[in-house]
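In the two assemblies presented below, chain A is common to both, partnered first by chain B and then by chain C.
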Partner chain A sequence: MTGKSLDIPARPYTGEKARLSRAYDYLILVLALFLFIGSFHLHVALTVGDWDFWQDWKDRQWWPLITPLMMITFPAAVQAVLWPNFRLPLGATLCISCLLIGTWITRFFAYHMWNFFPINEVLPATMLPSALVLDAILMLSNSLTVTSIFGGMVFALLFYPTNWPIFGMFHVPVEYGGAQLTVADLFGFQYIRAGTPEYLRIIERGTLRTYGQYATPLSAFCSALLCTLMYPLWWYLGKAFATTKYVKNI
Partner chain B sequence: MSTTAQTISQSTPRAPFNLPWYLRDLPKYLLTFAVMTVIYVGFRMYQGAYAISTGLDSSDPAFDIHWMRLLYLEGAFLLIVFPMLWGYLWFTRDRNLDKITPKEEITRYFTLTMWISIYTFAVYWAGSYFAEQDNSWHQVSVRDTPFTANHIIEFYFNFPFYILMGGSAWLYARTRLPLYANGISLPLTLAVVGPFMIFVSVGFNEWGHTFWFREEFFAAPIHWGFVTGVWFALGVGGILLQQVMRLVQLLDQIEDAA
Partner chain C sequence: MKMSLKTLFSAACLGLCAGALAPEAALAHGEKALEPFVRMRTIQWYDVAWSKAKLNVNEEVVITGKFHVNADWPRGVAQPDATYLNVSAPGPVFIRTERYLNGQSSVSSSALKLGGDYEFKIVMKARIPGRFHLHPFVNLHDAGSVVGPGQWMEVEGDASAFTNQIKTLDGSVIDMETYGLANGVAWHGFWIALGSAWLLWWVRRPLFIPRYKMLHAGQDASLISPLDRKIGAAIIFAVPMIVFGANFVTDLKYPNAIPLQAAMDQIDTLPPAVDVGAVQVKIQRAEYNVPARAMIMTALLHNGSDHPVRVGEFATANVRFLNPAVVQPPQDEGAALAAREGLSIDTADPIAPGETRTIRITAEDSLWQRERLDGLIRDADTRMGGLLFLYDNAGQRYVSSVSAPVIPKF
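The block that comes next holds the complex of A and B.
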């Protein structure tokens, strides 16, 4: 990251140049909105997707691990363009906001209105608090290293507590048919799907169950570690894609 | 760059509706947005009307009438529109690019941004709405054909259509802007070719769902081809940087000449 561009004295545009510049900004805003809804949403849907789609997939093993890990990707790549070049500390917030807009539209019109899943069964998780903190850390530190270590960690660790107010009520235990379930499980058994997790047999399993209440923090800290590595990886990936090269042949 | 002599609009070509000269193509841009919205919302309403009544069993004659015919219509539409649009862009190319004025070049940069914006709007419908809707539909329907009620729209209209728009943006830049004509922009090419590979990944997806597992499990490896394809959309950052650098140069040229 370089601070060279800050050495140039700022001389703001005025008059028609300013109006032209603003018009260009608005065009870019519309472009960016649809770009990140379309691309980041597809990336998330096909990597985290099932854990985000359904209440009964939101387990303690994979959900807190995979969601931040896959969702720190585009924010890091977009920050790598917007912060060093334009001093805009909003790359992560932009990506996550676009993701939420796309996700909510789909959950309502595709899941609820078309195939009649209750909207509470398909509520998306949010990474917005994590994204705000990630942007703030980059802005305040102006350091890739600090943002990777502290931003990456906080991005992952904030995920579970900031989502718990949304999803906690669906983890209340209920007795059904002589067995103990959560409300989320009940949703799943009432609305059988091709992707019912018990059918695919990939929900929470293994020794984490024996750790009892420690399962979630363990997953969250594992995710925090991986996010500190994922962040710089995607920062450099973002910089690589944002090349300004022209070539003679492709 | 001066902050005083900032009036740059004398002797510029006029734009319709009293718009500033650099927004000459704004009405076409907005009209394209409107037409595309009608098409995509129309598809969704068609699905709402006929998917459950006729789209669950591919051996049902009603499936042929409501869904396979739609597939053939989409194919015919794309077969006509692809060569027409790309042919128009190619045959009306500017053969005197070394003679265009800075103002004309700025206007064309705005138009290119509009083309890319239209491209990303098509990417939105293909990558966001109809993509995740695919998961919703295949949870409740038995997948007995590659041409399901959502695939017919998502894979065989939406995907080719954003390729059409992305390719058009690339062709527009290559045929009407000097920098893009002198060299091939790497980020623009990445941003168009990468998502094109998503379309190719349909083959892997269908193979996987036919011979591997039929359930809709979105995070499964058979879908990761789509994921890597969409990463290339990050090339838009490079296009932005290229454009901003050139626009600043052009504005300086106009101001120095004034």
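The block that comes next holds the complex of A and C.
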């Protein structure tokens, strides 16, 4: 690199260079789309799993704790590549959008068409509002520390209120079989699934007890604290893997 | 050689593709997958019956039956403190509308008592047309599922005609098939639209190479415009406002919403139906003859009843070995798992009232092998178990739960 070349201001390409550069953009975007649809969807299916699959798993204690904690992972890693190298504040939104594409494909074709579950029983949760805010905080702060603390917290804290308008109506009580159930519980009873018996659900178990019957805020803040730690961890994981170090000798 | 390997590889690929394109239906639910000692010595099913085998969409079938929880519960299997009486099916082709255990309505999990006797009734409503194999089974926490006898069901009609309406406690009637779907899709659509707009806002401009170059030339400030910053600030302000606003409205709309329910049902046991005392059986020795595929049990029988009794049946892990010399009550379960002449006794004489006698009972059939029960002799727990059915000449039935260590005879 000579002193002369540093004097020339870098600017967007024009002409043929611009066309080729744009083609490269689309190539990377399409590859990223498929990569994140597959990998992030698999990650969430293996870690959040039943909590996201079924209405009768979406409890007020463990669901808002586990889901943001497992879903902030890929967004942090992808932001660690797209922001420091390209100043693109879309890593989180891109990951969550890809996850939703994969999730909706699976819920419709595998759960509904193939296995006959009504689609409303397997509605997925969304973290798009959390992702948008996470991207915006990173863009405005340009700081890993600020994004970890405030972005990580907001990512978790927005999760439950984002999804309550979708799932709240499934918590309307029903008298069934002499007991009070939610509509969501009733799905689990009526629409039989052999592999996931009712007792396997993790409902109000463990030492994370309710406080004056308010369980969700406690879980949300616990998740927020953990997300502030999970975010930088996965940021550095993303950074470690976004290198050409391993392919230099090819 | 090279050519033949290539041909072989191509043929293997073609075979794999052909197999993938013409898959065969899976017709089992893992009935034989669980270790034999678990199937033989945990939940012992009997008298399982189905009200019908052919029905239309929206019609109901009732499954009734009994099971005994073996007192000689395997040490390697978790105690039945959390269990769930379930039905295996290829997805919710039926819905379960009612379930009773010992006459009590039950919608949740429950504990079972060792040595306890249970009667069950499950009402299923047909939802999807087709031919399906259904089993009742008990999910055992930390152990797996112990499957009961199966039945093929034929459902005819139109799936779109299926209805499942429920009245909530606030008085509204909902359709479980569509409830909340439009609202859920609308919210997903709204957030997807917002997320897509944010992505398009960035993707519409040159991305990777020019931005990388400009960033490394120290021009990163120009990569984020003042308008970008304004939009970012708007997102940080507006998105939580929408989220908490919608959350507030939902709370107002559903003021009686409750958390998911986690209580377990408490089921009382019935008066004992097995090992009731009039006829007592103790297995003194059990040998499994491998080449003959026969379990030979030496049993000490005491007949405390007023009538002579004879051994009519040995049932274990859904396999019934029947003594043709003794009249059998009709049962609906699949004939494929019944060895009609599979049980023989070394003496044809019935055991007289008050008599105590040692007899040799032989349960012999290829079902031991076909149902993978012969693997018991290679298990870590080689004790067998099952139910022995004895009958007197008045038709009275006595059921005894038996178990003993098994010695293989090669």
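The working rule: the second predicted complex is superposed on the first by the 219 of 250 C-alpha atoms of A that agree within 3 Å, B and C clash if a C-alpha of one lies under 4 Å from a C-alpha of the other, contacts with A are read in each partner's own complex, and residues count from 1 in each chain.
Here is the rule we go by: a residue touches a chain if its C-beta (ideal position, glycine included) is under 8 Å from a C-beta of that chain, and two chains touch if they have at least 3 such contacts.
All values reported here derive from a predicted model rather than from experimental measurement.
When the two complexes are overlaid on their common chain A, residue A:117 makes contact with chain B and with chain C alike. Once the two complexes are laid over each other on the shared chain, residue contacts for A:77 go to chain B alone; chain C is not touched. Legend: residue contacts after superposition of the two complexes on their common chain; A:47 is shown touching chain B, with no touch to chain C. Look at A:158: by the touch rule set out above, it reaches chain C but stays clear of chain B.
Look at A:28: by the touch rule set out above, it reaches both chain B and chain C.
Residue by residue along chain A, chain B and chain C are tallied for touches, and C comes out ahead. After overlaying the two complexes on the shared chain, residue contacts for A:16 are found with chain B alone; chain C is out of touch.
Within the superposed three-chain model, A:193 lies in touch with chain B and with chain C [touch as defined at top].
In the superposition on chain A, the residues of chain A contacted by chain B and by chain C overlap at 11-13, 18, 24, 28, 85, 114-115, 117, 193-194, 199-200. Residues 11-20, 23-24, 27-28, 30-32, 34-35, 37-39, 41-43, 45-51, 53, 66, 74, 77-78, 80-81, 85, 102-103, 105-106, 109-111, 113-115, 117, 193-195, 199-200, 202, 237-238, 241-250 of chain A touch chain B in their complex.
The touching residues of chain C, counted against chain A in their complex, run 29, 82-84, 86-99, 105-109, 127-128, 137, 139, 141, 145, 164, 166-170, 174, 176-181, 183-184, 187-188, 191-192, 194-196, 198-199, 202-203, 206-217, 219-220, 223-224, 228-229, 231-233, 235-236, 239-240, 242-244, 246-247, 249-251, 253-254, 256-265.
Remark: chain B residues 1, 3, 6-9, 20, 22-23, 44, 47-48, 51, 106, 110, 113-114, 116-117, 120-121, 123-129, 131-133, 135-140, 143, 179-180, 182-187, 189-190, 193, 195, 198, 214-219, 223-224, 226-227, 230-238, 240-242, 245, 247, 251, 255 touch chain A in the complex. By the touch criterion given at the top, residues 6, 9-13, 18, 21-22, 24-25, 28-29, 56-60, 85-90, 93-94, 96-97, 100, 104, 114-120, 123-124, 126, 128-129, 131-133, 135-137, 139-140, 154, 158, 161-162, 164-187, 189-194, 197-201, 203-205, 215 of chain A touch chain C in their complex.
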